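The structure's right below; bear with me while I get my questions together.
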Amino acid sequence: MKNWTCWALAAPATIAVVVFLVIPVASTILTTFGDPKGVFAPYIAFYNSGFRRTVLYRTLEIALITTAISLVLGFLAAWIVANAPGRIKSILIIAAVFPLLTGVVIRSFAWMIILGKNGILNSFLLWTGAITEPLSMLYTEGAVIVAMVYLFTPLMILTLVGVLEGIPQDLVQASMSLGAGPAATFRQVIFPLAVPGLIVGGVLVFTGSFTSYATPQILGGEQQMMMGTFLYQRAMVTFDWVGASTIAAVMIVVTFAVVLVMSRIAQRLNPMAVS
Amino acid sequence: MSGRIHPALVVFGAIVFIFLVAPLFIIVGASVSDTPYLAFPPRGLTLQWFWNIFAIEAFRSTAITSLQLAVLGTSLSLIIGIPAAYALNRYRVELPKWLSTVYVLPILVPEIVFGFSLMKSVSVGLGTPIFLSLLIGHALLVLPYSVRVVSASLASFDFSVEEAAISLGCPPLKTFFTVLLPNIRSGVIAAFILAFITSVNDVSISVFLTGPGISTLPIQILAYMQQFFDPTIASVSVLLMIVTVAVMGVVEATLGLTFLAK
Amino acid sequence: MTVSLEINSITAHYGTTKVLENLSLLVKAGELVSLLGASGCGKTTTLRLVAGFLTPTSGTIALGGKDLTRLPAYRRDIGLVFQNYALFPHLSVRDNVAFGLKQRGIAGVERSMKADDMLARVGLSALGARFPSELSGGQKQRVALARALVIEPPLLMFDEPLSNLDAKLRVDMRVEIRQLQRANGTTSVYVTHDQEEAFSISDRVAIMHQGRIMQFDTPEELYQRPANAFVARFVGFENLIPMKVVARKGEVATAQAPGGVTLDFPQRRFGAVPDDFVLATRADGLAVSADPASAGIPCRLGLRTYLGRAYQYQCETEAGHLIANGSLAEPLASGSAARLVPVPEQCCVLKPE
């Protein structure tokens, strides 16, 4: 009876996920293995194509750089938020939450205004005399990275504020009472305890930027194609569904591998999970 | 945490936060520029781009579609998500551990892969109408928020209270509505808001599922942006940001903003 | 080297709320002093001030004659044992204990030797490689103690160290703490809300209330001779009867209780009494007598409960509700009339509140 009830309650959501997500995604992956030229033919083709390899490497590169920069910016900003007095802290949290609630399209669009030919940055540089001709900054890897950092830093800040505030004040005081100054306490107590949180934040940002679509579409265009925009182009422009599925499979493998490996590491490093 | 912060760090932090907020102000500035192209700072001031939004039918119809999808999709996700969250917490022992992972799959699987697969298997494979496909996509996309946020508030719920109600003669279903639901109300509200915002802002799934005549607002914005470079998009963005501010106001009034920080 | 701790007229605020007012306390070298009081009485604030996590608004704190008031916490050299242990979850037991030594620049080999020695002293030699999450409550408490002791601080402070342990372990641990403290002769401050714990472990106890010290004395003095009504109630004097002297004849003062009953107070038995005073007794300090002629407060007996060594009576008197113990030999029926006779040895004459 009990057993029946709990499954009945869980069934609608479970069935929905299985029917509309697990099966479609599995079928996407399976179609890549149906090539008459061999089971791995689409993957071999993917790897042999210089262009596709470039897209994959570029995507990895952008995602890694974005993650690294967001980690640094996010950690320092989170440190300030966590240590700020009450009122300032709420303002800072609002400043981080607001962009997060604003759509990706709008936030990427802001960088079109900033980086465009008539954009604020070009106007400023022309005004200072640093340049005489407007620079074309849109559709470059740099534009995509800046926008992605902008996109993901709030997420990193909020994740890390939670982590830093989760470190019991007692531990900081214990460290001080044992003679560790602020720098030593940071190095030997706070930072090691924040590492699992940094990993979690890093994974969020990496997978988010690795699989992003709207930002590279708006700011990268054809020139800076990433996995997401490439998948879309294959699927909806050239109607090469096997090719698109291959890209999808590669994306899944990379993100799942990163999530699994890193969360395993974070768990091992997380002494606060128990106790 | 309470330590003195190094002044250099304060300056650095200020720069980070300016970096976070300034672009949004720049959009506001660009939306009132009277130039026919995007410019900041605005040369002359005008509200014509705001009127332009209403003149373009596509913005109106896609905004309505987005709203319908968000309300229906979020409600659907809560209708199937709350029982699942309840089951996960109440029958922790009976249910297998992997089940909770199933409900986060929609955010674990790259959105763009999910959208593409849904298009291939459901829209094309089953021939589902466009709106229904979009609804399925959005409901599933926000399901993780419904399950996880409601779960979080159920985790601190003492289920013996529910047993007390039943022992006092309240039938189980009535107990759910009169005892359990009021106690997880803030979780349900938070889940609704998070899910709603996620649905309204979604691009990666919708981009595969929209079709002739039916599109969502972000997709329409994206399409418009690639053809025109006038400040209309800036004014649409400003309107959407005003909505976001209103949502934040509601959140602050009902739950406190720290709720979203979690 | 043992030193004394001097707290000189310290005032402290949380925001605008005054939490300590003009508090002074002298802990002699090698002494263990408890700060005892209900939550919010300022005992933890005092500890945090001495530790350096709070700065006083005015007043000074000196350890061994050296002024600490403006010194940052990490330069104070004070061993602290926290209520919830505050063990570093990312460090092994050995590294937790060695943490303070590392800050003092003690090299690797000597450091782990000292840490291991200390672990042996608290009986945890076998657990050095474990992590805090793998320890029981009592073991964590021992690690916390070892970590504070290993730096050989001139002052040890305990913040409700045993409140997270079960009753049996609490008694064992307090004996252990006292033995370690005695052996080292380290000056110690111990914060607790548990009266039994404070009295059993301390040389002297400061009873605190609303940011002030109500009485600072040995446990024996506090228990038998409370200095005021607050402390009397705190240490279990159930009956506090306000008295007014109405006549003095030679060395006998006659005083009146509310309701008009008068009692004689011979000086050789009760000491000199002022014109207004409070007669404080525990239940044992009022003898229940069925003899209507005895010189006591007339009462009507209410509920009788059995204590094992005596019967306890709830008594209604003209002077209010009193509690008294009567002998096991002659149980009296509830509702009967009796007299409550003060036992001089168990009475305290206090200043009125």
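Each chain carries a letter (A, B and C) given by its place in the written order, and its residues are counted from 1.
Here is the rule we go by: a residue touches a chain if its C-beta (ideal position, glycine included) is under 8 Å from a C-beta of that chain, and two chains touch if they have at least 3 such contacts.
If you're wondering where the values come from, they're calculated on a predicted model, not measured in any experiment.
Look at the CA centroids: the one farthest from the centroid of subunit B belongs to C. For chain pairs A-C and A-B, the one joined by more C-beta pairs in contact is A-B.
The geometric centre of subunit A is 56 Å away from that of subunit C, both derived from CA atoms. Centroids built from CA atoms put subunit B at 17 Å from subunit A.
Not a single residue in subunit B touches at least two other chains. The set of subunit A residues touching two or more other chains comprises 182. Only residues 168, 170-171, 173-182, 184-185, 188-189, 192-193, 269, 271-275 of subunit A touch subunit C when the two sit together in their complex.
Subunit A makes touch with subunit B in their complex at residues 2-3, 5-7, 9-10, 12-14, 16-18, 20-25, 27-28, 73, 76-77, 79-80, 82-83, 90, 92-99, 101-107, 109-114, 116, 118-120, 123, 150, 153-154, 158, 161-162, 164-165, 167, 169, 172, 182, 207, 210-214, 217-218, 228, 231-232, 235-236, 241, 244-245, 248, 251-252, 255-256, 259.
For subunit C in complex with subunit A, the residues that touch the partner chain are 51-53, 72-80, 82, 84, 86-90, 99-100, 102-104, 131-134, 147-148, 151. Interface of subunit B with subunit A (complex): residues 1-5, 9-10, 12-13, 16-17, 19-21, 23-24, 26-27, 30, 35, 37-41, 79-81, 83-84, 86-88, 90-91, 94-95, 99, 102-103, 105-106, 108-114, 116-122, 125, 136-137, 139-140, 143, 147, 197, 200-201, 203-204, 207-208, 218, 221-222, 225, 229, 233-234, 237, 240-241, 244-245, 247-248, 257-258, 260-262.
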